[in-house]
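Structures incoming, each one as structure tokens.
First chain A sits with chain B, and in the next complex the same chain sits with chain C.
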Partner chain A sequence: MSAKQPTTIPGARAAEPKARRIGVYVCHCGGNISDYVDVQAVADAVRHEPGVVVAKTMMFACSDAGQGEMEADIAANDLDGLVVASCSPKLHVVTFRGVAKRSGMNPYEYNQANIREQCSWTHTDDRAGATSKAIGLVRGVIGRTRLTEALEPLVVETTQKALIVGGGITGLRSAIGMADIGLGVFLVEREAELGGWVGRFGPIFPHERDGRELIAGLVVEIKKRPSIKVFTRAEVVTKTGTFGNYQVGIRVAADPPQTITAEVGSIVVATGFDSYQPAENEFGTGLDAVLTLPEFKDLVDHADGPLRHNGRPVRSLAYIYCVGSRQPDGNEYCSRFCCTATAHLSIRVAALDPRLRQYHLYRDIRTYGNFELLYTEARKSGAVYVKYPDDAPPVVSVEAGGGLAVAVRDLLSGDEELEIPVDLVVLVTGMVPRKNEEMVGLLKLPIGRDGFFNEIHPKLRPVETMVDGVLIAGACQGPKCSAESVASGLAAVTQSASVLKKGVAELDPLVATVDPDRCTWCGKCETACPYGAIEKLSLNGREVATISEAGCKGCGGCVPICPENAIDLRGYTDAQITAMIDGLLEEAIA
Partner chain B sequence: MTARVDRNLYPELQRFGATDISACFNCGVCSAICPLSVDGASFPRRMSRYAQLGLRDKLLSSPELWSCYGCSECTDSCPTSADPASFMAAARRYAVASYDRTHLAYLLATSRVFAGVFVVALVGLLAAFMYSVHRPVDGSTLAFFEFIPSDFVHNLGVAAMVVMGVAALVGLFEMVRRVLRGPGVGTARAAIRKAAGAAVYAVGTESLAQARFRKDCADAVEVRPWYAQRWFIHFATMWGFLGLLGATMADYGLELLGVKATGTPVPIWYPVRLLGTLAGAALIYGTTVLIVRRLRKSDRSSAHSTTSDWTFLAMLWVAGVTGFALELGLYLPQAPAWGYPMFLVHVGVAIALVLLVPFGKFAHVLYRPVALFAIRLRG
Partner chain C sequence: MTASAAAPVSERTGTSAPRILVFSTNNISDPGIDLAGSAHLHYSPGVRVISLPCTSGIRPSWIIHAVKQGFEGVFIASDGDECAYLPDCAKRASRIVAEAQGLLKAEGLAPQRLKMAAICSVCAENFAKHMIAFSEALTALRTTDAAGANR
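Here is the complex of A and B:
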């Protein structure tokens, strides 16, 4: 690993603010802000703050016109600090850093005050209060900006290879994508065979292609690409290094077992899902004629005529939806794929035997997007959909003659209590997260409330995790159908390529730094760091902490822990935080 | 009470012509748009739901099936093209077949070939039976009741009435025991007045005078003169038939009273003849318009025709037209050669029509008033 030291202006850590020329822009956001915050009053209130040269309001600061006006002001007034009071920095900090950069200003001299989420959206009943709070926030950010220093992004050289964990459809398609874009691939699969769930399936939606053939086709493509190295019956056992340069240990269960070390720039986790396994007696689980969705799919995939189960013809069957999904005392999430998968199966069953009566006992049907067409087709093929109340799930029982009966209340016939005699019950089981504790610990994968891996933002950064260079794709990050999984796998390819292909990557320089003179190495910061970026270092015969700039995420967790006050966070120095508090309090006291 | 789902109901209903109900997702637009659907007796959605689920007993216990006049507004508004109007008609055919214990109604409604062969054979058998007792007649004028003794024709007619009556009573019993056992009807015994009111409404206001057909099922899209509107066509057909039935009965009555022998020529103004002539004209007008509309599919409510529709209409039309031809022949100076064969056909069709009342589309005269009575009683 090689990271260039960030260039800082000498003496920038001095407590005394130098004379600054700061531009402040208060955004209307159309009316999103100005309907509840008096943006003109905010601009007027901070106009005479020390260092402020320009203070004005804008209808849309992020628009081309808004950005252009700022650029013109920076040039005309020789500004060296920029503050925009608008939305969350998550949305537009990159936009306005771009404005600064284009105008010749250091992008890290820009700071954002969030007066939309924190003022106008939260205090719609209190215009005066919202305005006063906005003034305090903007004044605080101006105080912080007076203390900013010019920073350069950390530049990291990257290894142009990727590790893909998981050889299901997501991992396979990602591997091909990586290879085709010119990246080397290590593909690690725990099982002996590639293919995962899809490799066991017959025809799947939305394209009706046979899952087994689909996987076989991908494996052929993989074999054509020498830059992909496949390891089956293999697991990731160690990981060291930082973003762009990870060293990963892969243990292959051969005789004797071998461990290979792979140098990679990014890691794509595509470990998929497990199918929910109903408990004994849950909707009749344990009875011979009660199947889970994957078991039933297998039955249909292997049928070449009217369905038979255990040698007996199936003349009617009931699907019970949301088994293991949307349960108040279990998995609360919706598994998304199951409604469509069941509609798809229902159509195939009807094609095998149009006389087989199919009853779908559901709570809500979520065949989103074009999958609505499959739902319609299933209904038109004769399937009956029965909506039961959330608080009265169906009951499966064995009848005197040995057949099954499902008791259910049908909301659409005026809450009629039905008893449906059936030959088969299919429990529409959802997806659950895979148990992968060792790998999770190793890769420091963030886990959400539902147990699946968490991306940074489901829409804006859908495959990135809080750990740079560690990406997630497919059903390991939440229930997805195969097409969506492949799409996210390809997103991970693009994301990897965008940081690895140049050979160098830029990282935010807003990281923690240690003052070695103050540090006494108590080790508390090392324990506090969730990213493993802090290590002990011997410096001139003393033991002090050192922070890897490529490993640090700038979370600030180590700063307050330090008993010696030896750690500071660039961009959020103690002096800057104090200045922000002062700015905020000045308004509160006034 | 738990209702047991019958997986065979749905395919059975399909044989009766309910081909599109699987498309129904129970949104209820049909019930909302229907001018006849009311709170407590709403249709077609609920009926369609019973059919989808296989709730046979619920469906056959629903008098709502007979509230429908088949205007097809629901079909026009259905977002999934589930054609609820055709479903209602199919469900009625299914109900007729279910209330019938002989399986005849089932075969007549579900097999086009059987229905055609059966009706022709029945008419032929009746004609042949009559011909077997014919007497020689001289050729100058038509003397139908010299040809076939009037007693024989009358007795055959009475026998047909009795057979039909028994079958009708069995069917009505099957229907009543289902339809009148719902909740709230138990108070009927205590409320005879209410029952009488309901009966007057069901038989008089609704069945004979067709109040709601006129008022609510007016042709909403197509504005037609009164004589071409659906309710009037049905009115003309129904009263034409009733008028002919009345004239025939009266003619028989006059013979029993010794006033005049059946079939003897009388002047045009003679009340019985006048009634018969006017009623016959009404019947021919009504059935002809109905047949033309079904052939042309000109009307959204006549777009789908089934075997039941055709056999019923054809028999009515043939009975009416042959009756007129016979009257014409009777007053011709020279007896036409077709006179006696047509007489056999006319009487054969008329008796077959009576015999088949409980087994086909005609059965609505039995079941509809009972259903309306039940609904009135409930509401």
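Here is the complex of A and C:
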């Protein structure tokens, strides 16, 4: 963390715990909360709590109308504390702090009660229990809010450079975006060549652009921009520092190996995906004429006439969809891109050889949005689509003559059993998360249930992670086509620029403080702090501890160490936590 | 115990659920608890969560206060080895638990009322299972209490 300067906040004032004027807003969240919690009962229960001046319900507290109503209430009632009972604070703490700030209230006088993820959604079977719990949760947060104090954010200078991990289409396009917006870039690619998956592809949907040419064009653009430093055969091996000022170690596989230290303000992870690899014998995997989707794409990309495989002409082929996807005992998710990619390939195959018979054996076709046009075009080109039951996937077998046959039930023709002789079987395989445990541990990347990296919120904060300044983009977040991956990469550019271009970033001032009257300087806190933020200070002839706001990370690890209870963590003071505990138990409707 | 309000009676089970205070952490275990909600995994509505930056910042006195005030159990959803702040967070948390259990004993309260487990940011099912098991253990402890062994 570099030099900081206090910022003056509108409405900043000393805490006045005995004369608070708090507004409480209980959100329906459409029906996400109110379907399982009696939100009116919650608002009524807390209406007469000490310090509460306004208590009401709202359909969507985060909507413009909801925020406007709060702002009007703050002004009309001279509120000095704000409580919103809604979703997880991870989603909207910034939103509602903004409401407070715009209304002249100190943003740190706002607190949020999570009555959705930690109440309504987990007690859908117990409305009375959920309502009672919600009342306790809101009372707890009101108790905490009575004791809030106006705080000023810590302001840190930021490094106007970004690290991009991954040199596929997302990383390359993000690097260009970063450079064009005025940020320096360190681009780290594990392989010897840039380009990732797209760099190996021929034409791709939706614009028929050749993947290899697309990547070559991006690499040319990157070379034009001296602010982008590219490291291939390289990986990130260390990370220290905090948001706005990270120091990362990049190890380059040279002879001898080199490790370079880069100073960056943000980190964008764009490490892409792996393709699902079917198990031996899964739909005939292992047989010569059974290919995965990437293998078949490579075959088509290199064909300049009717398809041939291993020297033999391909006169008929069957695509088996959802291999490795939407499986109750495997990858439960839909990979989204594969239906469209297969329709696109089918059109190209028909163009190469209109006589080739193509059978698409599918569970559901999910060519979303405009990609539906490709599905229609594939059917018009003569491809036959056969819908098979979820619980009866096709069976691939080898015929007596050595050819392949696929047995399938056709739901759209009266559940008729079909046996289709084919020269080639294409397993429509989806995306799976790429294994990279070292980087996950290093960057503390959150992993979702599907194994891909987790953003904070897919709509509201789609490229941010729980770690400030560490962003994710592209197919490392989940299955995406190239256009969607690039879009998320550019979102990461915008997110980085919005902070780094200002040159300073505001951090929560929720750091530890010492009560010098209580402190008797035993030195235990100094020993406990690995950041060296605590020092001995001579004050009025006494030795006491002092904590550097710039050095403190706000973990609170020194709090229970102090034998005199002289240390508190702002926002989580002893008095506030105790008040919360008491409030959480006050769940009865008044 | 000096419960300030009667424990809620579950609409589903018709019994009063033990009230459990959970200390989670903002960046690691609280997202895991949120994920349990997003997945609509069920556990007792007696569970209440206070999220802190780091497990190592929990004062043992908060645990004692919670139990004395009416929580039948306290569960620390710790960062384990995932803590972004302190590399020795798990060791520090163990010391906090040991100290708090000592204080519980000194107050004549069963040390089993405090439990700790590492909950990661995607440990939704793990958390729900812990809550169900801890709730059952605390319910069983009521029988022991009734026999006069512990509160």
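A few notes on this one:
We take it that the second predicted complex is superposed on the first by the 379 of 590 C-alpha atoms of A that agree within 3 Å, B and C clash if a C-alpha of one lies under 4 Å from a C-alpha of the other, contacts with A are read in each partner's own complex, and residues count from 1 in each chain.
One rule holds in what follows: a contact is a pair of C-beta atoms (placed from the backbone, for glycine too) under 8 Å apart; a residue touches a chain by one contact, two chains touch by 3 or more.
Keep in mind that this is a model prediction, so the values were computed, not measured.
In the superposed pair of complexes, A:379 makes contact with chain B only, with no contact to chain C. When both complexes are overlaid on chain A, the residue A:286 reaches neither chain B nor chain C. Residue contacts after overlaying the shared chain place A:421 against chain B, while chain C stays out of touching range.
In the superposition on chain A, A:563 contacts neither chain B nor chain C.
Within the superposed three-chain model, A:257 lies out of touch with both chain B and chain C [touch as defined at top]. By the touch criterion defined above, A:413 lies against chain B but remains apart from chain C after alignment on the C-alpha atoms of chain A.
With both complexes superposed, C is the one of chain B and chain C in contact with more chain A residues. In the superposition on chain A, contact of A:359 is made with chain B only, not with chain C. For chain C in complex with chain A, the residues that touch the partner chain are 3-6, 8-12, 17, 19, 21, 27-28, 30-31, 33-54, 56-62, 65-66, 69-71, 82-87, 89, 92, 96, 99, 121-122, 124, 128.
Partner chain A is touched in their complex by these residues of chain B: 1-5, 7, 10-11, 22-23, 25-26, 46, 49-50, 52-55, 58, 80. Taken in their complex, chain A has these residues touching chain C: 88-90, 114, 116-130, 132-133, 136-137, 140, 444, 446-449, 454, 466-467, 510, 530, 553-557, 559-560, 565, 569, 572, 574, 577-578, 580-582, 584-588. Listing the residues of chain A that touch chain B in their complex gives 315-316, 355, 357, 359, 376, 379-386, 407, 410, 412-414, 416-421.
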